[in-house]
Amino acid sequence: MIKVGIAGASGYTGVELVKLISNHPQARLEAVTSSSYKGKPLTDIFPSMRGFESLICEELDAKALSTRVDLMFLALPHKVSMAYAAPLIKEGIKVIDLSADFRFSNPNAYEKSYQKHTDKDLLAESVYGLSEIYRDQIKTARIIGNPGCYPTTILLALLPLIKEKIIHSKGIISDSKSGVSGAGRSLSLTAHYCEANESFTPYKIGNHRHSPEIEEILSIHAEKKVNITFVPHLVPVTRGMVSTIYGQAAKSVHVTDIRKAYDRWYAEEPFVRLLPQGRFPAMSHVRGTNCCDIGCHFDEDTGRIILVSAIDNLLKGAAGQAVQNMNIMFGLADETGLDYVQSPL
Amino acid sequence: MIKVGIAGASGYTGVELVKLISNHPQARLEAVTSSSYKGKPLTDIFPSMRGFESLICEELDAKALSTRVDLMFLALPHKVSMAYAAPLIKEGIKVIDLSADFRFSNPNAYEKSYQKHTDKDLLAESVYGLSEIYRDQIKTARIIGNPGCYPTTILLALLPLIKEKIIHSKGIISDSKSGVSGAGRSLSLTAHYCEANESFTPYKIGNHRHSPEIEEILSIHAEKKVNITFVPHLVPVTRGMVSTIYGQAAKSVHVTDIRKAYDRWYAEEPFVRLLPQGRFPAMSHVRGTNCCDIGCHFDEDTGRIILVSAIDNLLKGAAGQAVQNMNIMFGLADETGLDYVQSPL
Amino acid sequence: MIKVGIAGASGYTGVELVKLISNHPQARLEAVTSSSYKGKPLTDIFPSMRGFESLICEELDAKALSTRVDLMFLALPHKVSMAYAAPLIKEGIKVIDLSADFRFSNPNAYEKSYQKHTDKDLLAESVYGLSEIYRDQIKTARIIGNPGCYPTTILLALLPLIKEKIIHSKGIISDSKSGVSGAGRSLSLTAHYCEANESFTPYKIGNHRHSPEIEEILSIHAEKKVNITFVPHLVPVTRGMVSTIYGQAAKSVHVTDIRKAYDRWYAEEPFVRLLPQGRFPAMSHVRGTNCCDIGCHFDEDTGRIILVSAIDNLLKGAAGQAVQNMNIMFGLADETGLDYVQSPL
Amino acid sequence: MIKVGIAGASGYTGVELVKLISNHPQARLEAVTSSSYKGKPLTDIFPSMRGFESLICEELDAKALSTRVDLMFLALPHKVSMAYAAPLIKEGIKVIDLSADFRFSNPNAYEKSYQKHTDKDLLAESVYGLSEIYRDQIKTARIIGNPGCYPTTILLALLPLIKEKIIHSKGIISDSKSGVSGAGRSLSLTAHYCEANESFTPYKIGNHRHSPEIEEILSIHAEKKVNITFVPHLVPVTRGMVSTIYGQAAKSVHVTDIRKAYDRWYAEEPFVRLLPQGRFPAMSHVRGTNCCDIGCHFDEDTGRIILVSAIDNLLKGAAGQAVQNMNIMFGLADETGLDYVQSPL
């Protein structure tokens, strides 16, 4: 039984982790922390959480947690996690960080988008937690930088084609769409019901922080510098994410090459589902699951490749993938605690 | 041409007033005020407002407005309006206040639900702006306390039946439902998209501030103390309000008595629409209009009367009724500037 | 391991049952039927159902199912189920019917609202599947009439107070609100996105089929004829149901009497949660769970009792309660397969 | 006063036309037709339409309309309009057709996507009703093929840049998103509330009928064959459309060239609004208006141009542009009857 702690349990990702660990047959929730709700039961924050009346939010104190937890999920804001990881590691606690703080190999890339990184040693050690791609390193990692939701949709769709040189690494576009929970539970006009409802809008064109994360991983696998055009949009749904990705095929690629590449990479993967020819994913098809559904269209005349990938941004895009990584770290099957069947509604 | 100013233009009611006055054939928008956006163009707050780039938010200064406006709409928070009305009146500016501050005849009732009232003279003078019922007093008023949205739905449905003693004044229940814009544009978890979306919930059972406003008016017309049971609920829509009202018929009432009562009161009213027998209103039927739709059901066996009334909370429930009152004050037909035909979507 | 079949798997209730049985540790899904999709895999109907490619919809044939299933859920339209139950029972298959066809004790009540009942013997034998109230009879039943969603919210809230004579059986009102999935997956203008979205509306005032079902059960427990006023409304959410119930307390009732009554009835029940004083349920608090949350308010001055109960209409209001009943019939704990913890989003 | 008839008034585009003509100061609604609601008042179909009780749906009979209307809007399904236009024209009635039937110059392009065209003469005569681009031809036209909603967003954004050779005509991508009303009022699972709500999905990748319409117009203005990649998506909102368009700049293009091109084309246009640098449109910013908002981003390093254009699909994307075209045909200012100011909610 893995003893688990969750930092930042009052946020949407945090409470999703509480749900997943509570339903996990091989893990037990031992501690939750929240700076804003310290001393309060989790059910005060989320009245819908049944049976959690005894779960009291505490402060994040590595020493106090050292004997109680084997692994800590950090569901904290970007730039906050950085300081908490090392003390936990020092106490022998494994860390899965869901912020951007431990996702980058190159500290400069991080610092350009966020701020000065104060723990570059740990950053160098950390493993990028895209489960299907970095499974081997995740197995033995002490610290995981869990991927962003946008990067997860884009990288899972692109990496097999990039790696096998089926798609040109130049000129790739991802037109991505996220539900409102992606912006978290903190208050903002953007997340005000009356502003988000009955609307749809692009945002941060040209300067979204997820581009460097995507480009770093793509570049590693393409073995050359890759730049992509990435435009995120806000959709009036609570949870869900779709990326529609456009690229150009390398010469003499046939549609079956694309499907074969995905098969080679994902045939044994429980959470990546390649859809049949002519079918494309919808947010509702993956809601409540840890799946990434991928559909592809190839126009042989023009060489245009269109990929559509969909995830639940709070699961495969955050808490679900984090638990999948925990499973891998502790020698469990990926699906453990994540194979709850969902209905379409 | 009526010269109009709007205080609190950065809120949802304020900007709705901006819209109505801009479309009004006999009124001209001369000033908008906003304490939080002072010096900024209205289009910075609401990028969708075309052609308003030159409308700059100013401070609310009665002196500065005295030569520029004939009438001021105060779309300010409860407890804030109170201080601004008198200086405007003194400058000869008529005031329509959309907060609760000038709605009560009895200052004690106000003070019980809000706070100490600092301008009881003006409160005594102010006229309750339920247009259909207080038209005569509104004509000559210098200050109007524009009704709350919940009271508007409930009073328009009940008053004819109360006044004509068709319904018992005892035991009346209003189960009321409001869209999220009723809570305004300020940030709160309640109005967070992910909390309001895909939910529905009652709130403030037993202590909502609108009860005293409703009960005061009902009592006046019933000529005895009336208490009602009022339960508001939050619906995941941007705009709209429905009240389902339950009461008991007086002895020997027939269904035609009910319809006749409404006809006597509202046959000439452009904005109250009694639906045919067996038809009931929907929020979508009144969205974007100043109408109050009323449907009624009477069970002769049990004497149970069920009334359903629907409004757009930002129009007949706030800005629309305010403009209707302005029309009455300035001798215009009620419909002036409010008769825009809406489609159902 | 209980071998289960589901008839009508292509509807929303049917697919919810598929989900629940698939996640159930003591049940195995052996057959699904659908007249409209015969011969097609379930994933053709619901592309989001992963891993169900091999589940092929068949015709509902009692003989063919006799050796394969122990229990059949009938998620068929009202008036259709009636003919299918007896043949299944004859083959030794237990039946949980989710239509209205086996809910009534009195066939006249059924026939008044629906049509001639063609299997009055089985109707007489069938047990009303309100799990918390009829547990003992359910244990040994061969056929269950699973309650309607509206009746479930209303009966669970009212029965303890009716039974203990805390609330007057006269003059009770239920103002109820349902998400759109309550109307099923068949096409209608009412369920068209553009008609339901951004609206809210009452429907079938005075003639909804659920009233007789509610009144029959209330009357049995009150030991006298009970009539209620019941008004259903449509809310723009996919799943969820809230009933706000109004009644009058019997003499000298104290607020603690109400809470004690609920405690006596439900303290040991895993799926009925009485909320603390001053807290009321929201649809989002029970979404994805089999819970019925109940909040209550009592005004000692007026004797007015206000109850609010909320369920997920597809779970406690249909498929969830059906599985709870299956658990009871097969000697399992109620929670088996239904205790999946949900997050608030 | 222009005497107007509307064919297909029971659809969403039809009823939007009823709204616009009713609010139009220079037009009068003389007839509405509907095959499915013949003989019924419009208010039976749309209970929210106040004051239209006397408007009875009739059959579409050119002869019967000849003395009563000057102009007929055909809001009929694709492939149905074709047969009705000629008889109306023959009676001297001008026609604005909102289906695809009269949009193409090249009948082969039409026939490839739809069916055999049975009135090629009229097709040859018809003018493409993209108001800003074809104003001169519209002035004297007898028949207009009103543009599709997707083409309107894409063409208004691209044509100035194509015409002035600022953007490469090769490799253009439009990732487009539409509200559900774009699919009309007919029943389908796609438009079922529970299927569209809380989801987001691409559809008809590789074979949407709007591509040929877009490509034909782009090719004319580029003076060479233009192919685009067009992917439509469904957004859970009632009304609204956004296209995010990606292209490559011609050599030595500067960001100011792009803005200047738009200024040259649209500075005098009341309904095309170029947003300031760094601002992008949202569906909510154009809802209820006839505006097309355009935002652009240019990355000088990579030459990547990103355009975002937004319209209300029922207005500038259908009924609004149709009325704009009527205004042009009858010598009125474009804005007549279309300049109603909207608030953001």
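Per-chain residue numbering starts at 1, and chain names A, B, C and D are given in the order in which the chains are listed.
Assume a residue touches a chain if its C-beta (ideal position, glycine included) is under 8 Å from a C-beta of that chain, and two chains touch if they have at least 3 such contacts.
On a predicted model such as this, the values are computed, not experimentally measured, just so you know.
Over half of the residue numbers at the interface between copies chain A and chain B are found on both sides, making the touching surfaces mostly the same.
For chain D, the chain whose average C-alpha position is most distant is C.
Annotation: 46 Å between the Cα-based centres of chain A and chain B. Centres computed as Cα averages put chain B at a distance of 39 Å from chain C.
For chain C, the set of residues that touch two or more other chains comprises 12, 181, 194, 198, 236-239, 282, 284, 287, 345.
Residues of chain B that touch chain C in their complex: 171, 173, 175, 177, 194-195, 197-203, 205-206, 227, 229, 231, 233, 235-240, 242, 244, 246, 280-284, 287, 295, 297, 299, 302, 304, 306, 308, 345.
Residues 12, 15-16, 18-19, 22-23, 46-51, 181, 198, 238-239, 273, 275, 279, 282, 284-289, 291, 314, 340-345 of chain B touch chain D in their complex.
Contact residues of chain C toward chain D in the complex are 12, 180-181, 185, 187-189, 191-194, 196-198, 236-238.
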